[in-house]
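Below are the structure tokens for one structure; questions will follow.
In this document, chain identifiers A, B, C and D correspond to the written order of the chains, with residue numbering beginning at 1 in each.
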Amino acid sequence: MYNLPNILISTVFVFFCAFPVFAAGGKTLIPPTDFEAYDTPSDNGKGVSLRWPASPSESIDTEYVVFVSRNIDAPFVTEALRINSQTMYEDNSDFKYHYAEIDPENILRKSSAQNNQIRKKEKYYFKLAITSGSSIVETGKLASALPKSDWFDWKKLNNFVLMISFVALVLFFINHARKSPNLFIRKISGLDAIDEALGRATEMGKPALFVHGLNGMGSISTIAAVNILGKIAFRIAEYDTTLKVANIDPIVMSVSQEVVKESYMEAGRPDAYVEDNIFLAASEQFPYVAAVSGIMVREKPATNFFMGYFYAESLILAETGANTGAIQIAATDSYTQLPFFITTCDYTLIGEELYAASAYLSREPLLLGSLRAQDIGKGILIVALVVGTILTTLGVGFVSYLFMAG
Amino acid sequence: MNFLKRTIPLIIAFVMGVTMALQYYVPHEVSQSLLKVVSRWGITIGGFAVFLGAYSLFHLHLTKIKRKLPGWGYSTFVFLGAGITIVFGLYNGGEFFWQDKQEGTMFEWIYFNVQVPAGATMFSILAFFMASAAYRTFRARTNEATILLIAAIIVMLGRVPIGTMISQYLPIAADWIMSVPNMAAKRGILIGVSIGAIATSLKIIFGIERAYLGGGD
Amino acid sequence: MKKSRDVYILFSTLILFFLVNIFYLSMGWLDFWGKGLGIVTGAAFTLAMYSFLYKDNPVFKIAENLFVGVAMGYWIIITWFNILKPDVFETILVPIFKETGTPPQFTILIPTLLGMFMLLRFSKKLAWMSRWSFAFIVGLGSGITIPNFIHAFILKQLTFDSLIAPSIPVSINNFLVLLGVVSVLIYFFFSVEHKGVVGGISIIGVWFLMIAFGASFGYTVMARMSLLIGRIQFLIRDWLGLIQ
Amino acid sequence: MIERLINLDRRIIFMFVAIAVTVPLLAKFNLPVRTTRDVENIFNKIDSLPENSHVLIAFDYDPASKEELQPMAEALLHHCYQKDVKVIGMTLTPGGTGLAVSAIENIGKQYDKTKGTDFVFLGYKTGVELVMINMGENIYSAFPEDFQGNPTLNLPVLEGIDSLKDFDYVVDLASGSSIEAWIAFGKEKYGFDLGAGCTAVIGPDMYPFLQSEQLNGLMSGLKGAAEYETLIKQESSAVAGMSPQSVVHILVVLFVLFGNTMYFMSKRNR
């Protein structure tokens, strides 16, 4: 089935091969002594790995060329790879071996302009040559490989083990917390301030203002914020002060109404609950800012709570609040806004402290359990980091190898 | 009915979650094709989400208008803006929406001369509030806030050309702050947040976290 | 009294804006039928937004609500042309009625249906069907998140740099990075009371956090100022032509 | 006296800011911009690309961040077109489409580039990580058509591109969390070189990725854009913005120092 040009090219090839050692600018090219091809491990069945030892004639103007063919007898005309001889060394081989992964089917298809999508499972043959200028010298050995698909990527074993252990941790601790909801959580310092702030509001006879942030009920930050709101409302009912909650999302508003109402009932003060105090301030970011700032300036609440997920509005709200002289307590996991809360509020719960506070107050097993599981996950990573760095310093790469990303 | 409303969604989430998590470890062609198909489906489903957003927005403003809530008059402008844009978008420069998108239409004019300037200006308003907060409220109330403000001042000066003129060490100090303490803290935060995200994903897959299903039974 | 002053300011600003534009257009500095009208509209919206700085006012509210509407309209139209038209309309509907050379891809019906179910969230009776779609998307998202996050944000982020580096500053920095990462992680560790050694390390964690927040603070100031610079450039270059 | 100074009307402070920005712009003095390693890395990467390489630019921002990211996008495009690199644009933000397509096409015209052979804008897809994964498996599946509705298969500009890993370089210009997604679901999953440009707000959060080499370079904010303009020797609006930026930063620093001095003085008086 050979067509004419192929025969021509192969003849040229035979001609080259007849003179294996060519003089290139007075330099003799020595081909690599060995050449191997094998199915790339842990891949999708497309790749073939090629590996060969470095040749002594490597230089900047020398290149390696690999030819590929479907047939051992067919001429090797399609270039599968052409690299500078001083590149693509195998990792950790100390420049002694070259390594490359190629997709032979893709290369052959492109060269023959075929575009059928079906891949045949067949063996590929490879020939390696070293070239410089017009001279080319081939390695005597032909290599062949049959690519095949694999069902597990062994390079990702550590990832898999981590995932499975973390699944086990989360499920175990959530179950554990359901049985014994007294899992220890450290004190969150900002939380003590809540009582103090509410006490002051009572003394001054001024309301406390609670702001949720912009996110809807789907966000964990808002859920945590609503949990804390429930506890604040309980205290408020006991102290007999007014609580105002400014919302931007109608669903968050109705959930907040429920939560606050429940807390008032729990505190035995259902009569003190006023539904209109939990209201929709506006529906867009900046009108919301304007509305809430207006409330702050007009009513001068003694205490402002900013809890949930905040965006750019945080700065304006916290600034206005600080200038009305209110005690401000913030809790957010939006790290970009935290700097502004820290510099304008009296107490700020940072990042995950928001979730921890909500778990601490609500004692919800779901939150407690997963918090504990995450802590253990962090603990493992802390130990790995410290031990791994010490070992690396001592020249032992064991831990860093275990945690290498595949 | 409860089976359709509650159990099936939980099964779908579980099956999808477990399959896609395991898919990551399987390099086989079959698993790759699955990923390709499922991600394409996800994009298509996501395309419909625009109507969720539109519905919430229009519903909110419609309610405002219907109940004559304070400022309801302004809500009509939301419909005006959206209406004009959609009409010109569908008209598509005379080719109508079932043809390919045309260039240089009125639809684009509205985008470039209303949405772009208004959107770009929106957050620049904060530049002013930032300065006023710097003057009136950014206080070194605590040791922590003091460290924060000092780092902020070094970075602010070190990152602009004039910093070099004040002292040649300012940009170097700013670079060091960014790439050592800032980097370390941000990495700590990143690892913590990622563990949190993984835990949340697990809870969703195992049906422990169901907030995404919405309220009701 | 105060209110009438605000109205006075509002109207004089509006009149000034019109006068400036009429002057520019009549002098031919702004070309009405070319880009001129667009630039005037853009300048109007820019100034309307900035009027919020004086106080919340009707002009700002109108501009903002219009903007919100336009942005939503734009989102809808772009979604049609970029997603729904090529992925749904032209892959299923068009090939059924017209010879296009490609057969209709009926598998796309599944995500199309799921997408439509999603919209039933607002129906009282059929809201439960939307849960199937959300379960699909959320389950899919959770599934791909877990292994990829472990790989990219945990394994790749654990760097084990030797504490004895070729130069002393590098060694010190490597040590500080380790200390920073570990102490911040310990600060966010909730199962142990912050006392003794743990307490000490967590205080170091707070310092690292504060320096990092300081950096974010500085960068945020920079960002907002850049936005303002860009808008002022628009006003004095494109609109008023005071600079080139 | 101190109390009155502290409680100065906001609007007076606003005036200071407006003047601090406007006057340097009108005075038109450009300050020399010092380039940093992170920006140089992106520049060197694109500079080293051979002709007809493929660069994917993801315009993941909307008009709200235009003033920071558009100058960056323009500088990057100038450089790509100068190097005769093929530019493929896309976005994950619906509001970003108009800005992206105008930048790609207008700057392309300046270099006599043709749509479809030298550049293409693929348009918008929703689903962030799903889009990246779908592109990583097959780019024609994620984007069967470009922004104007032309079929992408057999488009000359995409010749030799099958999926994400065939790109010589990918740059994400982001105003949100898309860089993290590009790292986790793009770069790490499919293996390509990734650079990023972002608003200054999220800039500091990107440093862990620079150190772990998950990002090869980073431009943050208008300053990053100014550095890139300096590197390609086409100083434009970002460099012009550096003098007001300097002045206004000094103003903010003075405000903080002054405000705190007043605060501590009034505290002592009490």
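The rule is short, and it goes like this: contacts are C-beta pairs under 8 Å (C-beta built on N, C-alpha and C of every residue); 3 or more make two chains touch, one makes a residue touch a chain.
Keep in mind that what you see is a predicted model, and the values were worked out from it rather than measured.
Asker: Using the contact definition given at the top, which chains are in touch with both subunit B and subunit D?
Answerer: Common neighbours, subunit B/subunit D: A, C.
Asker: So if I look at the partners of subunit A and the partners of subunit D, which chains show up in both lists?
Answerer: Touching subunit A as well as subunit D, we find B, C.
Asker: Could you quickly compare B-C and A-B and let me know which has more C-beta contacts?
Answerer: When A-B is set beside B-C, the one with more contacts is B-C.
Asker: For subunit B and subunit C, what's the span in angstrom between their mean Cα positions?
Answerer: Their C-alpha centroids are separated by 5 Å.
Asker: Which whole number of Å gives the spacing of the CA centres of subunit A and subunit B?
Answerer: Comparing mean C-alpha positions, subunit B is 16 Å from subunit A.
Asker: Counting in whole Å, what is the centre-to-centre distance of subunit A and subunit C, each centre being its mean C-alpha position?
Answerer: Chain centres of subunit A and subunit C, defined by C-alpha means, are spaced 19 Å apart.
Asker: Measuring from the mean C-alpha position of subunit C to the mean C-alpha position of subunit D, what distance in angstrom results?
Answerer: Measuring from centre to centre gives 13 Å for this pair.
Asker: So which stretches of subunit B touch two or more other chains?
Answerer: Within subunit B, residues 21, 24-25, 32, 40, 42-43, 46-47, 49-50, 71, 101, 111-112, 115-120, 122-128, 130, 132, 134, 136-139, 144-145, 148-149, 152-153, 156, 159-160, 178, 182-183, 186-187, 189-192, 195, 198, 200, 202, 212 contact more than one other chain.
Asker: Quick check on subunit C: which residues sit in contact with 2+ other chains?
Answerer: If we look for residues of subunit C contacting two or more partner chains, we find 52-53, 61, 64-65, 68, 71, 74-75, 79, 81, 83, 85, 87, 140-141, 144-154, 156-157, 177-178, 181-182, 185, 187-188, 209-210, 212-217, 219-222, 225, 227-228, 230-231.
Asker: Among the residues of subunit D, which are close enough to touch at least two other chains?
Answerer: In subunit D, the residues touching two or more other chains are 7, 14, 17-18, 65-67, 94-95, 98, 125-126, 130, 133, 147, 149, 188, 201, 204-205, 208, 211, 223, 245, 248-249, 252.
Asker: Think of each chain as a node with edges to the chains it touches; is that a line, ring, star, complete or other?
Answerer: complete
Asker: Please output the residues of subunit B touching subunit D within their complex, sorted ascending.
Answerer: 32, 35-36, 39-40, 42-43, 46-47, 49-50, 99-101, 103, 108, 111-112, 115-120, 122-124, 127-128, 130-132, 134-140, 149, 152-153, 156-157, 159-164, 171, 175, 178-179, 182-183, 186-187, 190
Asker: Sort out for me which residues of subunit B touch subunit A in the complex.
Answerer: Its residues touching subunit A are 21, 24-30, 32, 60-61, 64, 71, 122-123, 125-126, 129-130, 132-133, 136-139, 141, 144-145, 148-149, 152, 189, 191-193, 195-196, 198-200, 202-203, 206, 208-209, 211-212.
Asker: Help me check something: in the complex, which residues belonging to subunit D touch subunit A?
Answerer: On the subunit D side, the touching residues are 7, 162, 188, 201-202, 205.
Asker: Taking the complex as given, what residues does subunit C use to touch subunit D?
Answerer: Interface residues on the subunit C side: 53-54, 71, 74-75, 78-79, 81-83, 85-87, 90-91, 140-141, 144-145, 148-149, 151-153, 156-157, 159, 177, 212, 215-216, 219-223, 225-233, 236, 242-243.
Asker: Quick one: which bits of subunit A touch subunit D in the complex? Just the residue numbers, please.
Answerer: Touch residues, subunit A against subunit D: 106, 323, 335-336, 405.
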